[in-house]
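For reference, the structure discussed in these notes is given below.
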């Protein structure tokens, strides 16, 4: 077994008396395709927020690439190689898709520390951004403001933005949510073609996507890791079935 | 018995949020006193259709006739006065209002009175002094339904009323809805992932796919045509965890113009 | 009689010199003052007084037609004041600058006058810092110590043994505090407490409670006059706190001026102030002045010290221009200013060697006369210099 | 032409397009220069417009690009003004070094403030900056030994610019000095806006959560932009001191903070030129109206403001851009 | 003696706080409900004050009768403005609202100067409000006591309406979720007008009651703008209790600091506001931004 690129140790988060994440140990291997599923209120969003640094854990630790990042602010975790997308499309409405990706590339290359550099002088970065957009078939809309893009294109742009940071771990929060059927194939193939050296942790409830891509599945129930295994194991596990469904059709 | 009056008539309706278009060219009619199941996969635009009927989404073109009156372009509250009631998927409790206040502000003259609503949901009466945010999921759902009933709707739009409820509560709320339809004769449009429940309860069914009408006909026919049901709603498509989508999470369609509501 | 004769002579002069007027450029007076905002009342006074003067004395002096070019400083805004003064000099080619309201504006205008070598006559207080910065400047109003020192002397000599001092926290207030306290202590009085209140201060309650506990014979106040809100708020709170009932006197300077006194209302009755002008001043000259002023404003305005200063400034300008054949040479004007005497509605005034005003300071008490509140003079100190003689 | 060539050209073109100098910009600056000859009697007014424009520009950087509304920006303007004034009073009257030093002092104070402000946004940011400005004004009033209190600072001996050009009444030196400083700062700000940092700022304004997910640290951005904005405000304040040889408490007043916000919103937020246009319109309107109607000019100024909001709610620059776009469409249609 | 003086300070602080509350609470309600930043709120307060003066001086009305009149007239004026002007700006962004209402402040200042002159308005309170009353340990002015009673009664009434009545529930529902409130059949447009009118009415009443303590001249809206903003933001917009507690807190702290550390001048109130907002950016009782 390889060393995990991202893992948590005894992660807990409580809101008042309510414990949302409970003593969670999660291991994401390098290059993994890891899905996180679970019924409503299982604490998936909270976990994402704990991993990305939006929330601070009540106790426990988060390690990235052998480094304790528990205390790092969100932005600095991105510098260490943890990128994410959002559940509900989160974009810069008045920036063009191209500008946003250029920004992501420039940030990665630490050009934000150099305010004397003009954007028009960022030729290699521009070309790299263009390539990224090209890989996802977005060059046609590159110069349009993100707010005007179709929803599917926005979601793709979000993945491009996350990838442009060249992360070690990519966290996809319900990438397929709200994407219309005709666009979902483009999205699926984009996810399929994500670079193999990037570990992908995706939170999804679209089982089609989960079983198509996941090599490992963690079922989260009430803030705890309920089951973990390869898709076939999870699919055939009667406990998972019972817990995840909550109930069968009532008649 | 004469043929029933048309309560709701929709014609080539096209709508969305902001610049986006989510439902395209939808049309159907609903007779007075009858009920309709509105089905389709997640994100096909069912909630958006509701929001368009209620005046919260942007209607691009088409006609919405309700009670023989064109209501497109009228304000959302005028539509409530016309007789449209709404039980939103997100329940949309008012955190700073008590249960009793939720019912009081929605109160309009008609057959549904506070006593009758409390009769239908005795649990709400017990909790009438509690704030909206302090209720359990099931109680919130009951309150959402009760609140809509207080407006005395001729047509009640129910958006996934059983979503995210514990099994026992599903039964309780489901029974209430059934009583509402079968005993009180309330006309409803029901969006529900529990397809069988929805189809058994209603007379007609409408299935949407990608913002368009994919099936329009009798609920019973659809219920008894497993193949068609599979094709239309994808109950068994995609995964080997068959049917689990119905119990899984449902995407929240955010209100407002965030693009998250697009299908 | 003499006046009407003067008018006749001037009018005759106008007729005789009408040909010459066409050739001679007008005498332009740049008036920089605040006409809008909270202190617009003083601006209205100045305007009316100048109009009255020109109505009485004609708009021609030594053959030159007099023109007033007005500019609004909009409040304490020295950058605006400096620009307006500069534009008056460079673009409007004025012969003299006058008006001058808030201290910072005065300082900014002083700089313009110095650089452009143009006389500048102040119609309003300005702190003691103004004249040293304006070699071509003169002051026709008053200085804060000029009023505060006689007030302190009077207080000490009339049985007031202990005083609490309350001043607004700005430079005239601090000037007043210092002048009053120094003189009062010198004269054997005791200052039992001292407080500076912010200019934007809605509630005086706590200050008055302190005063009440200090049990002074009187409270010395210096608050922005000319229509500000603080005197009104102070007096209301003073009565509310029961201080007037317990016999504590209020002494001050300009708080009861005629544009503020009606707003103060009966609460001001009995207040003793020291000032250089009261509309109730007993002299023929003043009675005529008050009558004409009120007539010219349709009875809407009462005359206050701001109007008198403007009137006297105009008189000085006319006199100085006449002495120089219609010109206002800066050096010559300064020369002529020294020792210049005018018979003003306020009494005799004189400009001394430091180009500052020497005048009589009156001690007055607020009383109701003929149905309206007036500052009734009951004691006076003649020839008080504006700059403290040390 | 091959596909490869096309691919490498397009992205660079897109980026260059963003920062390209537009014809309207040349017209604008030519007009500013030409105003020296067109309105020789109004040079002081124009230099004060430039100073107010520079001040508004500093606020535009903060509000228009950083998305942070400040109602206490006069604090930094005033700090610059007092620094320049004190330097002059202490005998250092060299204008350019005095200007730079004033900018640095205001910037350092801005840096200190931003450490506290960086966790606040929107209304809270607005109100805390407001109280900060009020506190600083109170402080300056109290510390009259240094600031001259209400009397202000005079006796500011300013040496001629480059040892040659005196700051005279007519405002020739003030005009060119103000124009050069404003233009240089404008160029720097324009450059910054069209640099990756400017893009990051816009991203943060548009969606802070997403910007964080790109690895942009909002705290560092707020600190950086607030410091820079404060320094520019300080430069503007110092310019005012140097061209008027006087400092009054009023440079720290709430009225000045509110005034600059009005100018900026009037001109158009987030456009850079809005700051200059707004300052010009506001000050000219005030000057003209207060000369026409010294007592009630407030009324007309208020009316103009209301009309602008009702009929050009993206500011005057936005209005002119819309009119221009409409004209272009008409012209193309014809 | 010590206790009496502290009690008197508290009394004065509460009375001052009540005045601050009265002039600010209307804005808190409208800002909380409509998200409309109305900097011209102070103009309405001023108008209420002038109305009192005009009615008392011009028509010889008794002071007490002018207070309801100020409420009614200001409410009508507010409703008119909401219908004609503000409604168009609900979605225009905070900056445009700020600019528009500042423009209105300028206009109102000029109009007040034109109608009533630039000076302070004299206002003679009836004798029973100019008296001193003994409350056992200490004496108080009858006016401050009156303020306390009327202010307290108004707060109670407001709280009652806001928290207990159906109208109040409708308002809270619309603040919580405007869309859902509309879909309960609430005519939100009319509700906005009504609430705006009530907010302006309270402002007018606040003006009427505060003239005697705060003075009245055309620059009133500008002079008290900062105070109003501080009270509303410290309390948290939309919360009546929050506004009341903020006003009382600021009033009492101001009075105490002026008594014990008069050198602090205006520092205390500003510093206090800055510190509170630094720790509670949404105000003491504000909702977190969603």
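The first chain written gets the first letter, and so on, giving A, B, C, D and E; residue counts start at 1 in each chain.
What we mean here is this: a contact is a pair of C-beta atoms (placed from the backbone, for glycine too) under 8 Å apart; a residue touches a chain by one contact, two chains touch by 3 or more.
Model, not experiment: these values are computed from the prediction.
**Student:** What chains touch chain B and also chain C?
**Tutor:** Common contact partners of chain B and chain C, which must touch each of the two, are E.
**Student:** For the pairs A-D and B-E, output the one whose chains share more C-beta pairs in contact.
**Tutor:** Most contacts of the two pairs: A-D.
**Student:** Measuring between Cα centroids, which chain is at the maximum distance from chain B?
**Tutor:** The chain farthest from chain B, judged by C-alpha centres, is C.
**Student:** How big is the gap, in whole Å, between where the Cα atoms of chain A centre and where those of chain E centre?
**Tutor:** That gives a centre separation of 49 Å.
**Student:** Would you kindly tell me how far, in whole Å, the mean C-alpha position of chain C lies from that of chain A?
**Tutor:** 74
**Student:** Could you tell me the distance, in whole angstrom, between the mean C-alpha positions of chain C and chain E?
**Tutor:** Result: the chain centres lie 37 Å from each other.
**Student:** Roughly how many whole angstrom separate the Cα centroids of chain C and chain D?
**Tutor:** That pair's centroid distance is 39 Å.
**Student:** Among the residues of chain C, which ones contact at least 2 other chains?
**Tutor:** Correct list: 36-37, 40, 44, 169, 198.
**Student:** Please list all residues of chain A that touch 2 or more other chains.
**Tutor:** Within chain A, no residue contacts more than one other chain.
**Student:** Find every residue in chain B that makes contact with two or more other chains and list them.
**Tutor:** If we look for residues of chain B contacting two or more partner chains, we find none.
**Student:** So in the complex, the part of chain E that touches chain D is made up of which residues?
**Tutor:** So the residues of chain E in touch with chain D come to 88-89, 92-96, 98-100, 102-111, 113-114, 226, 229-230, 233, 265-267, 270-271, 273-274, 277-278, 281-282, 289.
**Student:** Using the touch definition from the top, list the residues of chain B that touch chain E in their complex.
**Tutor:** By the definition above, chain B touches chain E via 54-56, 75-77, 80-81, 86, 88, 92, 94-97, 101-102, 104-106, 108, 147, 150-151, 255.
**Student:** Across the complex, what residues on chain A touch chain D?
**Tutor:** Against chain D, chain A makes touches at 52, 73-76, 78-79, 83-86, 90-96, 98-100, 102-104, 106-108, 111-112, 114-120, 122-123, 125-127, 129-130, 134, 139, 142-143, 161-162, 165.
**Student:** Would you pull the chain D residues touching chain C in the complex into a rising list?
**Tutor:** Against chain C, chain D makes touches at 41-42, 44-45, 48, 138, 141-142, 144, 149-152, 154-155, 168-171, 240, 244-246, 248-250, 255, 286, 290-291, 294-298.
**Student:** Using the touch rule from the top, collect the residues of chain C that touch chain D in their complex.
**Tutor:** On the chain C side, the touching residues are 35-37, 40, 43-44, 70-72, 74-79, 82-83, 86-87, 89-91, 103-104, 107-108, 110-112, 115-116, 127, 129, 133, 169-172, 174, 198.
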